[in-house]
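In the two complexes below, subunit A is the common chain; its partner is subunit B in one and subunit C in the other.
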Partner chain A sequence: MKTNLRKNSKAIIILVIIAAFLFVAARGMSGRDVLITVLRGFSTGSVTFLVAAGFSLIFGLLDVLNLAQGTLYMIGAYVGWTVYVRPDTFIDVLTPVLLILAGFSLSALWGRLASRIQLAPKARKIISWLLILAGFGLLALVLTRYPIAIWNLNNYSESPITYSYMADQGLRIIPAEVTFEKISPFLALAGLLVSSAISAFGIALLNRDESRSQTINWRKFLVPALLLLGGILAVVFNAQITSWMYAMSTNWLFVIAILIAILSGVGLGALMETTLIRPLYNRPIYQLMLTLGLGTIGLQIVQAVWGRPEFVWPKPEFFTGTGGACPATNLADLLEYNCSTVFLLGGRVRVYDEIFIPIVGIIVLIVVWILLKRSRIGMIIRAGVQDRQMVEALGINVRRVFTLVFALGVGLATFGGALAAPSTGLTPVMGERLLLSALIALAIGGLTSFPGAALGSLLVGLIQQFMIKYGQIGIPLPFTDAVFKPSPPLVPASTVLLMVIVLLILPGGLLGSKE
Partner chain B sequence: MSNILEVKNIHSFINQFHILQDVDFVVPKGSITALLGRNGAGKTTTLKSILGLASVREGKVIFEGREVQGMPPFEIAALGIGFVPEHRAIFRDLSVEENLKIAERNKGDLDRKRTFIFDLFPDLKKFLNLRGTELSGGQQQMLAIARALVADNSLLLIDEPSEGLAPVIIEHMIDAIRQLSEQSTVVLVEQNFLVASKLAKYFVIIEEGKSVASGLMKDLEADKAMIHRYLGAA
Partner chain C sequence: MKNNSSFLTKNRGILIFFAVMLLAPFLIGLFEGSTPLMIWGNQGSLSKFIEGLGIEIFILALFALSFDLLFGITGLLSFGHAMFFAVAAYLTGIALKTLAMPFWGVVLLVLLAAIVQALLFSLVLPRVKGITFTLVSLGLASVFHIIVMSSDMINLTGADVGLQGVPVPAFISPVTERLRFYVIALTLLVVTYLFYRRFVASPTGRVCVAIRENEDRAKMLGYNTTIFKVVVMIISSLTAATAGMLHALYQPSISPSIADLGFTVTGLLIVLIGGVGTLSGAIVGAFAFRLLDFTLRRFMGESASFITGAIYVIFVLFVPYGIVGTMRMRQLRTKPGWQRLLGMVKPKN
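Showing the complex of A and B:
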């Protein structure tokens, strides 16, 4: 109890120092600048928080440092952008993705079957790998023939940059539809399903020991059946859904894009955890190398599919109004004219970047907090962080909770990417920078503490934005006439400095536990 | 069926260490069986092997007529085995109420068992909103046992319930375990021979990963030479 108090007093001292520092920093600015800088700090902090919170959830329960989190953040942005700017591509891709998932989600059934097959260990290994290779080979064969309307990186007028520019100008070009030419629709669908089922069976056979005695009931078939149905519906009504999405208001399209980005993260997370992370639970170094490697692979794939250059994600209608009483001075005007900016304390504040993003960040904070503190799954997570074996000894399937948490953590990262992209634009390197910020934020706040992730992210966001602002207006150095303008590289450096100070005083971070 | 649990010649590993090398015993239904033996003999590992927390590479564990070795621990536990581990393993980020609630296997388990649990451990009722680790050692032990009672468990595995407790509290614990053994079969690991002999009807002695003797507790109490040989001074 006493040490607890002492620890808290240290954290309070640090917070007071930071507050004083921010106060002094704010003294050099006009009230308008302070407001905008603080709002931007909240904005940067919110996005950092989404990635950091996912990282912290995953690390807390699974002890896995998911260094791919930055790449996944970027993937969220690119997936969201595609849904928003090229709905036709999204609908075309939807069918293969759903069918492949359907094939893989039969793994429970495969596990049951695989445990019945008696083979010598060596033969089992060879056969599993042959099946996996055959499955993926067949998948590649089908996928290359599957018709997907996509941009062309080699032709500037059909590149993502052009499409995003056009969409930004309010021009919606509906590209020509592609049709099944190289392969018959039935063959394509069956091929996708069968090939993914074959590789899923191979994987189940390889991990045979882990999947004994799982009971089979109709519920296990519900998810694959729904996925299959969704995939078939998407291909049958392809044209209708596409034209419906093109006709939709950009606000709804934006909501759909964000949801798909989150879902893609959840799916990727579940896939990563069940196939790649699970065999490595007791080998931290391998996990580290795996997630780092996956991050790099993801980056290369994104560069190969979307190209290297930066492009923009046009904001939805709700945040782009300029006519009427814009910039708005009150809430009624803002809502009526959908202003892109508002006047606050005499300064112009961008609604999406500086108001909407922080609000979403706070909402996510509250929702995840409630999930952790009030729900049964949150209770299991909090208990599992401390003692997995005991939770399992109570009859709870911890492994399923692990998959869920990993999926949720990755979903938060892709959510962050899709949320930030309309404000920051898309570039393949956006993830690396953010991963660094998120890691620093976690070190400051405490690696496994959820409120710590929020506090650390906020501090990192504020410090970055104040440094950027002072880079513009300069700090007059005392006793001299010189004005010091922090150069851009000092922005990340300043957060590292804060981290060093905090860790020297409190090795566990501001709100972290002592271990 | 008179035996709720049969452990047949098991060999168990924790990581790569071959801890149990042929442990073999049965647990008759509706009684308390004590696992005895020196420190490091493999008693705790035996409990973990039953639950699947230690990997059983040879032999069989049969619970209520069903072979459970090799099943994932959560499935074995869900068949109706409650576990009270060494050092209690109270969840420190959960309140006392949540520590009980997490053990629910069906919705409403805790509400059904509430009166039974609080009759057994009236102290817990006062501390429902405290965090698990704000309790004293004895209260934590009670909470750990109570947690194993929330779901309908026909078998309870209790590891070292008297460890580190004051004599008065040990007396209370003995009463409680005796009471709950009227409802479920208990397998008890106990260093304190006095406690074990007060509670258990049957005993199994484990020595260096092997079960070396078993039988009725009252026969063991009479056999001072055997106690001396396997358990040291008694």
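Showing the complex of A and C:
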């Protein structure tokens, strides 16, 4: 115990100093303000933690600094918003996505076939690239004609801003359905499937060496068949599912939106890892630059699809009640009237922003912690963070674990985005801001340490919120009557300064590994 | 390349570049029908436009060159490099506009500030390595970006609108004396490049390459790697500051976007397109980047930055050595082939 204390003396001293600072800061305001500020700090910290935890898992195991994490957080928010506010668009998009996935998931079968074809290396290269190009060309041809009901950025009454504003007022606009006009349904579906299968075959032909040992059995067909079935069901019952989703309680719609956001993150993560990150494992700096570039591209795509202006994600019914005994003073009232605010210590606290988000953050922390500590896969991940080569030597398929961890990390980020968006709103700059906070939190806590991510995020959240609060009420300077009000730009600056100081004293962060 | 070859043969490429770029405005002037004398008197719109584009490219190339020295040669990936550039640009603007300082005093001040900043970064250097250094530099630079953007300093920096209306001394005004500005920027670029070439070839430069390859080994050989890193940091900062000063003098307004991570990434992209650690890659990359950006913006408008991002990803994945790096490797690969071919025709004695 004593040696443990001595080893971590610097970290403990820093923590004590920060705690003392926060305590002094808390003494300066009323109890009500302290409670709200601390709750908001927890809220900001939870969202930061979701992004930072994914980041640290990925960096710990894969040594990839995923700078696209901020953009993925933003994508999670936008995807979730689409499911929540425009379910019809979501159902329309679902079919092509599932069919393309079905086409690509046949690659195991194609790999087997491709390894049997004997071709000269050069001819193989040319033919595979031609196939890939042809596949993508056909895909583009079909997709541009495929009917998808979508908002119109150029027309204000059909823009995302109007849709979310009306949904917020409880007056949902249900847009007209679009039908297959430019292309017959059968041709569209077949085209999607065939074009993605062709490009998958081209890719399989390009790197045939990896797929030689795989055997073919009926399980290999299960996933493509399920995806295909899902896609076809979604297109056949399109109208029914859409009207069902529009009639659904917004609470359940919210749950679905969050789930879809997580799933899209997991899918995107797996895709990124297998196609783009994997070829660069022996060039770490290039991975970093790649993720940076992907972040920029993602940002541009979001701006092109959803537009630049800011809009809101209406909160679900469960958090928006105002009538009856609201703002609630006890739990029974809260549950009965679904109040949007509660009275705590004489101050109004928003249920979604300041109570629900921290609770979810803590639940995720516990779940991921248990996953890491108690499950087999968690054991492999922890071992991989310690010594990757040793794990490989013990005969564990590290590649699959890599993909899984990357997908999980990105899924956490998109989850964070979908969770935070109803309270912060959606803007194209949200990702960049959060990425900076998450990086700072990680640097403070320790880059590869999971508890460090939690601690760092909490500290960053608390400091930011205390600075914001003091920006409103002002700090009385000692020995003078003047009041110092930190301006909003000082909020991120203060956390950055904390990071620089912590890193100068402890290069590995508070809970990170020592060199 | 032989060791005893003269300065001229050693630097043939850059000298040819210098000559071509010097003649370029006059040659382009001929296309639009203006005589060299008219160009000399800063008339002729097309050549003036080309000169402007050239100045922008030279400024970017200077910035990328300094980034290449830091990242490509010494292996220090700094995400705060834009700060060197932006501090110089803002300092030039504020000193000329608000403080009304004499021009040479401003130059001195900016160079001093560059050294101070490099020393500030160097404080961090002995303690943090690798990714942590990247994060710390990003943090320091984002503090500066935040300060520039904040409304407290609006009288000095103009906050998010940017610093406008910098009174540029008449003798290098980009409006009336653009040719002179062009030649000055070009000369600065070429001189800096020559100096960098010399630096990398010197014993100090060799140690820097050793630090990039394996810092622990360089330390074990008895080199105090921190001092070398500090030296590189100061040189790089001075170069970036020069580029920033030229930027402040050339552009009608200094926007805060030059202080954020995006501008550092631009530098990284240029170095990547040209070839990491090649030095001449920075110049080639600046040309490729600016001309591509210009063309894309002209024809595609908004979606240009999407394509820039895609090109960036393609370069990372498929052309990791950049234009210059790939060409050099080709040369290495084709040279033995040629020699073998020659050997077949004319057997060696």
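We take it that the second predicted complex is superposed on the first by the 496 of 515 C-alpha atoms of A that agree within 3 Å, B and C clash if a C-alpha of one lies under 4 Å from a C-alpha of the other, contacts with A are read in each partner's own complex, and residues count from 1 in each chain.
Operating definition for what follows: a residue touches a chain if its C-beta (ideal position, glycine included) is under 8 Å from a C-beta of that chain, and two chains touch if they have at least 3 such contacts.
Note that the structure is a prediction, hence the values are computed from the model and not measured.
*Asks:* So, does A:Ile380 touch the first partner subunit B, the second partner subunit C, both, or neither?
*Replies:* So A:Ile380 only meets subunit B here.
*Asks:* Check the residue A:Ile359 against both partner chains and state whether it touches subunit B (first), subunit C (second), both, or neither.
*Replies:* neither
*Asks:* Going by the contact rule set out at the top, does A:Leu394 touch subunit B (first), subunit C (second), both, or neither?
*Replies:* The first partner, subunit B, only.
*Asks:* Let me test your reading of the model: by the given contact rule, A:Val255 touches which partner, first (subunit B), second (subunit C), both or neither?
*Replies:* Neither: A:Val255 stays clear of subunit B and subunit C.
*Asks:* So which one touches more of the residues on subunit A, subunit B or subunit C?
*Replies:* C
*Asks:* With both complexes overlaid on chain A, does A:Pro507 touch subunit B (first), subunit C (second), both or neither?
*Replies:* Second partner only.
*Asks:* Which partner does A:Ile13 reach: the first (subunit B), the second (subunit C), both, or neither?
*Replies:* neither
*Asks:* Which residues form the common part of the subunit A surface touched by subunit B and by subunit C?
*Replies:* No residue sits in both footprints.
*Asks:* Contact residues on subunit C for subunit A in the complex?
*Replies:* My answer: residues 77, 123-124, 127-129, 131-132, 134-136, 138-140, 142-143, 146-147, 149-152, 265, 268, 272, 302-303, 305-306, 308-310, 312-313, 316-317, 320.
*Asks:* So in the complex, the part of subunit B that touches subunit A is made up of which residues?
*Replies:* Against subunit A, subunit B makes touches at 51, 53, 70-75, 77-78, 83, 85, 89, 91-94, 98, 101-103, 105, 147, 151.
*Asks:* Given the complex with subunit C, which residues does subunit A contribute to the contact?
*Replies:* For this pair, the touching residues of subunit A are 65, 276, 279-280, 283, 285-286, 288-290, 292-294, 296-297, 300-301, 304, 436, 439-440, 443, 447, 487-490, 492-493, 496-497, 499-500, 503-504, 507-508.
*Asks:* If you look only at subunit A, which of its residues touch subunit B in the complex?
*Replies:* 210, 212-213, 376, 379-380, 382-383, 385-387, 389-399
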